[in-house]
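Heads up, the next two complexes both have chain A, just with different partners, chain B and then chain C.
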Partner chain A sequence: MRHLSRYSAMSKGLYASEGRKGRKVVVIDVRPTPTSKTADLFLQVTPGQDFEIAHVLRCLIKNIPLEGLTETSQIGGVPLSQWRELAEMMKQCHYGVVMFGIGLTQSRGKDLNVEEINTLVSELNRYTRFYAIAMRGHGNVNGSNQVLVWQTGYPLAVNFQRGYPRFNPGEFSVVDMLTRQEVDAALIIATDPGAHLPQAAVRYLQSIPTIVLEPHENLTTDWANVVIPVAPAGVGAEGTFYRMDNVSLRLKKLVDFPVSSDREVLQSIKERVIQLKGDLQDKGENKPC
Partner chain B sequence: MKTEITLRLKEQPSIPVEAESINPENLKGKSLKEIYHLPLWSGNRRQKLEDYFEVEITESGGEAEEAKVLQSEDNLAKVVLAGDLSRFKRLGQGMAAGEMEIRGSVGFHAGASMRGGVLRIKGNAADWLGAHMEGGQIMVEGSAGHFVGAAYRGKTQGMSGGTILIRGSAGQMTGSRMRRGLIAVGGDCGDVPGFKMLAGTILISGACGIRAGANMRRGTIVLLQPTRLLPSFYYNCCYRPVFWGILVQELRQKGFELPHADQDFSFQRFSGDANEGGKGEILICQSN
Partner chain C sequence: MLKIVNGQVYDPLNGVNGEVREIVIDHGMIVEPSPDQKISETINASGCVVMPGGIEIHSHIAGAKVNSARSMCPEDHYDHFKVSTAGIRSGTGYTVPSTFLTGYEYSRLGYTTAFEAAVPPLEARHAHEELEDTPLLDSGIYTLMGNNYMIMKVLSEQDEIGRRERLRDLVTWLLTSSKGYAVKVVNPGGVESWKWSQGSVDLDTRVPPFGIAPRKLLQELVEVIRELKLPHGLHLHANHLGEAGNFITTLETMRTLEGYPVHFTHLQFHSYGMTKKGGIRSAAREIAEYLNGHPEFTCDIGQIVFGPATTMTADSPMQFRLHQMTGNKWINSDVEMETGSGIVPMMYRPSVLFNAIQWCIGLELLLLIKNPWQIVLTTDHPNAGPFTSYPQIIRLLMDRDYRNSVLEQLHPKTVNYTHLRELDREYSLEEIAIVTRSAPARALGLSHKGRLGIGAEADVAIYRIQDDKEKMFAGPAYVLKGGKVVVRDGEVLQSFAGKRLIVEPDGAKTLLPDLARNFADYYSIELSNYAVQDEYLSRPEVIPCI
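On to the complex of A and B.
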C-alpha cells in the first residue's frame, strides 16, 4: 500500500497532477489481493501461463494475427478480448510501467518470463514510453546486485574461484550449488537461508561448516556452526541502501551497538585469513572486502 | 600405430573439478609425467591430474614402444576417460581434433566451444553440453541436461556448427539461440527447445515440452511427436520435405538410429515465430 500511495498509483508529479485519478492501474494476479481491489482492471490468470500472456500481448500490440484463437479463446484463463483491451491501453498511454514480482520468476519458464516481459516493454517503446521494474521481496536486495554489477559486471551468481568473476545462474547460484553439494563451507551475510531455501539445500548447508553474520535470531542461527552478531544496517551501522527503482539512499547510524558492523567483521576476517596464509605483501593493505 | 591414452578416475571428488585441460590436443605428444602434471581446478586451488587420475598409454598396431614419450603424429591419440566423471566440468572443452571417449557420466560444459573431433559420452551429460560449439561431433549414449548447444547468458549466438546426437532425453532450452548445426534427441525433450534460435536444425524424436521454438527467427525444429505450439506459429501445409530422407540417412551413417523413423514421413509445416519475423519452421510429423 505504501508503494501505491507514495510511488506508483497515487503519487502526484509534474505530468500527473491528478494522482490516482489520472492513472490507470491494471493488476494481473492468480488471486484477488488488496492491490487488485484498487485496480481499474483486474485480470485473474491461471498460474504458470506468464510466458504465453506476455507472448500474446507482444502479438496484440503489433497487430499480428494469432493462429487458432478467437476473441473468446482463453489465454491464461482470461479471454483474448480482454488482453486486446489491455494491449490497446498499453499502446495508448503516455508513460507506462510494468511492475513484476517474484512470482514471475518462480512460475514455469522462470527467467524466460522476465525476458519476455522485457521484450514486450522494449517493443512497446515503439509506440509510447514504457518501463519494467522488478518488485523486490526484501530490503536492499538491489544493493547487492548494484555492487556486484559495478565490481564484476554481473548482478548475481558470480563465482570467483579462478581469481576472476564468472557468471552462470544455475551453475553458480546458491540453491543449485547446495543441492548438488558442490561447496564445503558457507559464509552467510544478511540473509536467512534456513527460512528461504529448499529443504534439500538447507539439509546440505547443515552438514557443512556454516558461518552466519546476523543481527537477529533466525532459522539459520539455531544450527549454524558460528554466529557472529553484527549491528543492524541503518540502525547500528551506516551505509548505502539501494531502493528497488535503483535510487541510492544514505542510511545513518541511529544508535551505538556493542557489536561491529558486517563490514568491520568481514574486514577483520579478511585480515586474519591473509595473516594465516602468510601473504605479507597484502597484509598491510586495508582494502574493503 | 595408434595411441590410446586412458585416464582412470581414482576417486570421485567431493567438490567439482574443472578439467578443460583434458582434451586430445592437449595430451598429444606429452610424456606420462607431463600428463600427470596437467593442471585441474578444484575449488579455488590449482591441482594436478595425478591427484584424480591414473594414466595409461597403450600403443597398438605397431611395434611395442617402450618409451613413454609419444611421437607427434598427424593422427591424434584417442583419449579414454573411465569412471563417474559427473563432478568433472569442461571435459573436452574447446577440442579441435582427435577422439575422446568418456566411459561414464560427465559434468557441465562437456564439449563446450568444441571446434572439431569426436566426443563420445557413454553415460549422461549435464547442462551446457556443446554450448557455443563450432564444429565436430558429440555423441551421448545417455541423456543430456539443460541448455544443449545453447548460448551462455548474455551471448546472442550459441552453437554455430557441428552435430550433437543424444540417444536419451534432453533438458530444457535445447539449442537455445543456436546459429548453425544439428542437434538430434532420441528421447524426450524439456520445455522451450530452440528458444530464440537463429538457424540450424533440432530434431526431437520423443515428447517435447511446451513453448517449442518460442521467439525463433530462422531454423528448423523437427518434432516426431505432436505438441501444442504457441499461437504465433502459422500452419502452412503438409508435405514430404526432401531433406528429411537425407537427414535420416546421415544420422544412420553416424550410428544414430531413430526409432520408428521412416524416410517417407510427411510433416505439417508451421512457420514462426511471427513475433520475430516468422522465418523459422516447425515440422510436426503426421505419419507417426
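On to the complex of A and C.
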C-alpha cells in the first residue's frame, strides 16, 4: 500500500498532476488482493499461465494473428478480448511500468516468464515508453545484489571455493548447496532461513554449526549454535540501502544500541581469524592448500 | 626515499624527451635530487622509458549502469577471472571487470588516475561506493546535466541576468551534491525528447517540456563553466552519436562553442559522413581540419577495438536504436528528472564494413589532428572496446607497417570510405606520453599529475623498451602509485584506495528555493537525503577552481 501511495499509483507527478485519477492501474493475479481492489482493471488468471499471457500480449501488441483463437477463447482463464483491451491500453499510454512479483519465478517456466515479460516491455518501447521493475520481497535484497555484482561480477549464488568468483544458480544457490549437504558451517546475516527455506534445507542447516547475526528473535535464532545480536541498520547503525529501482540511500543511525553493527562484528571476526591463522602458521600447523 | 636511475624520461610538460634523468621520490612526491638523501630503494630503469602514470579521461567503470551491465552479462565473466592472492582481491569480467579488477588492470597498464564519465546526481552515491572499491586509482566522476529537468527549467526563464546567476548556482549545487569533478552533457535534449517518445534532436530543435534548444543549453553551460573556473571544461557527448552524416552536427556544435574550453568525447562516433546509399564514410579530415585551427578544444577518440564490447551511455535513444539494429539484449533506465541510460553488448568485427570504417575513423583522427595536446587516447571503455586494449592501439599508432597489415584484413570495401591507407604518420614515444598522460592532465586541470617534475605526484610507469610496442606498453616493469611500487613485471604487489578528486566551485551550497519546492513535490527522495555524504569518500581531494 505504501508503494501505491508513495510511488506507483497515488503520487502526483509533474506531468501526471491528477495523481490516481490520471492513472490506469491493472492488476493480474491468481486471487483478489488488497491491491487488486484498488485497480481499474483486475484480471484474475489461472495459476501457471504466466508465459502464455505475456506471449499473447506480445502478439496482440505486434498485431500478429493468433491462429485458432477467437475473441472468447480463454488464455489464463481470461477471454482474448480482455487481453486485447489491455494490449491497446499499454500501447496507447504515454508511459507505462510493469511491476512483477516473485510469483512469476515460482510458476512453470520460472526465469523464462521473466524473460517474456521483459521482451514484452522492450517491444512496447517501439510505440511508447515502458519499463519493468522487479518487486523485491525483503528490505535491501538489492543492496546485497549490487555489492556482490561490483565486487564479483555476479548478483547471487557466488562460489569462492576456487579462489575466484563462480556463478551458477541451481548449483551454488543456498537451497541447492544445503539439500546436497555440501555445506560444513553457515554464517547467516540479515535473513531468516528457518522461515524461508524448504524443510529439507532447514533440517540439514540444523545439523551443522550455524552462526547468526540478527537484531531480532526469529525462526532461526531459536536453534542456531551462536546468535550475535546486532544493531539494526537505519535505527542503531549507519549503512547504505539500495531501493529496488537501484537508487542508493544513506541509512542514518537514530539511537545508540548496546550492541555492535553487522559491519563491526564481521570486522572483528575477520581480524580474529587472521590472527588465529597467523598463530597456527607460527606453530607450523597450517597445512598449505 | 626511492630513486629511479638510468631511465629515459618522457615528461612532455617539462620538455624532457627521452633524456636519462634521475627521479627521487619522497612521501609520494617527486623531490629535488641531492647528495645527502637517504635512499632506501633504487630502481634501475636502464633500457626502460620512464613516464608519468597514465590518466584516463573518459571511461565507464563505476555506478548504476556499469553494475547493471555486469549483472546483465555473466557471459563476459566466465572466462575472465583473477584468483585472489595475499592482499589482492579476486574478480571477473573482460569488457566490464568487477571493481577491484578494474583498479588492478589499469594499474597493470601503468595508469594511475581514471574518471567515470557519466553519473546522474541521483545515482552518484552508488558510483562513489564503487570507486571506494576500485583500488590504486585516483578517481572522480562527471555529473550529467544535459537532460536535467531543473537545468532546462532555469534555461527557460526570461530574465537573462537572473537566469545566468541561477544556472550558476544550480550547476554548483549539482556538482557539489554529487561530489562530481566536471559537467557532463550527453546528447543534449535528445534523451529528454526520447522520454517524451519524440524523435532525435538537432541543435535548434525545441525540446519538451520547456522548449529549450540544445544549442542554447550548451551555450549557457559553457558560459557558467567559464565563470566557475572549473578545472575541466564542458565534457560533451554531442547529438547524433553513431549516425551517418553526423559530422555536420559535430562541426556546427564546435562552431557554436568556439572560444570556450570544451572537451569533445569519443569523437570517432561523431565523425561520420554519409554515402549516397545512407551508409557511413570517414569525415575525420573535416573534423581534424577544424580542430587544427581551434586549440581551445580537446577531444578523446573512443577508438574501436575489434572483439567484444559493452555499450553503455546516458544516450538512451541511441542505445534503443542499437538494440533495434543488432537485436542484441538491451536495458534502458529512466533516472527520474535527470537523464536516461541504456546498455547493449556489442561485437565489433573487421569483416563488417560499418565497424571497419569506424576503426579507421578513430585512427585517422589520431593521425590527422596535428597537435597531440588536443587528443586523448580512449576507447570510451567499454563502449568501443575495453581499456586493456590501449597497448594494441599504441602499436597501431607507432608502427605503420603493422597498421597497414591490419587494414589489409578488414572488409575489402573499407578503403573506399576511409583515408587511413594514405596516412604515413607514426607516433613518437613523446607523443604517446602526451596523448595518454600529459594532455589529459592538462585538459583536466590536474597540475600535479601527468608530469615528473619537482613537486609532482609520484605516479610513475616504467616500460622496457621493445620493438613490439604492444608488448612494451602491456607489461610495465614497474608502476608506482603515490610513490609506492604497486606493480612489478605485470604483477600487482599491493592494493590500497586512491584519492577522490572533486571540485568546490564558488556558488550556492543549497538548492534554489523554488526548485527545492519542485524537488520536494516530484523527486522520489527527500532533498536532505540527496547529496552524497562525506562517508562515501575516504580520501577526498579538492582540485582548485582557478
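Couple of notes before you dig in:
Just so we're on the same page, the second predicted complex is superposed on the first by the 278 of 289 C-alpha atoms of A that agree within 3 Å, B and C clash if a C-alpha of one lies under 4 Å from a C-alpha of the other, contacts with A are read in each partner's own complex, and residues count from 1 in each chain.
We take it that a residue touches a chain if its C-beta (ideal position, glycine included) is under 8 Å from a C-beta of that chain, and two chains touch if they have at least 3 such contacts.
Not measured: the values here are computed from a predicted model.
Of the two partner chains placed by the overlay, neither chain B nor chain C lies in contact with A:His216. In the superposition on chain A, contact of A:Asn125 is made with chain C only, not with chain B.
Of the two partner chains, chain C is the only one that A:Gly13 touches; chain B does not reach it.
By the touch criterion defined above, A:Arg31 reaches neither chain B nor chain C.
Looking at the shared chain after the overlay, A:Arg2 reaches neither chain B nor chain C. In the superposed pair of complexes, A:Lys21 makes contact with neither chain B nor chain C. In the superposed model, A:Ile64 lies in contact with chain B only, and not with chain C. By the document's definition of touching, both partners, chain B and chain C, reach A:Arg162.
Of the two partner chains placed around the shared chain by superposition, chain B is the only one that A:Val56 touches, whereas chain C remains out of contact.
Overlap of the chain B and chain C interfaces on chain A: residues 160, 162-163, 167.
Residue ranges on chain C touching chain A, taken from their complex, read 62, 64, 66-68, 70-71, 74, 76-77, 81-84, 89-93, 96-100, 122-123, 125-126, 129-130, 133, 149, 194-195, 197, 209, 320, 323-324, 330, 332-334, 337, 518, 521-522, 524-525, 529, 533, 535. Within the complex formed with chain B, the chain A residues making contact are 51-52, 55-56, 58-59, 62, 64-69, 108-109, 112, 116, 119, 160-163, 167-171, 181-184.
Put simply, chain B touches chain A in their complex at residues 14-16, 18, 41, 43-44, 108, 127-128, 146-147, 152-154, 191-192, 195, 210-211, 214-215, 229-235, 274-275. Within the complex, the chain A residues that touch chain C are 6-7, 12-15, 94, 122, 125-129, 131, 145-146, 149-155, 160, 162-165, 167, 238, 240, 242, 245-250.
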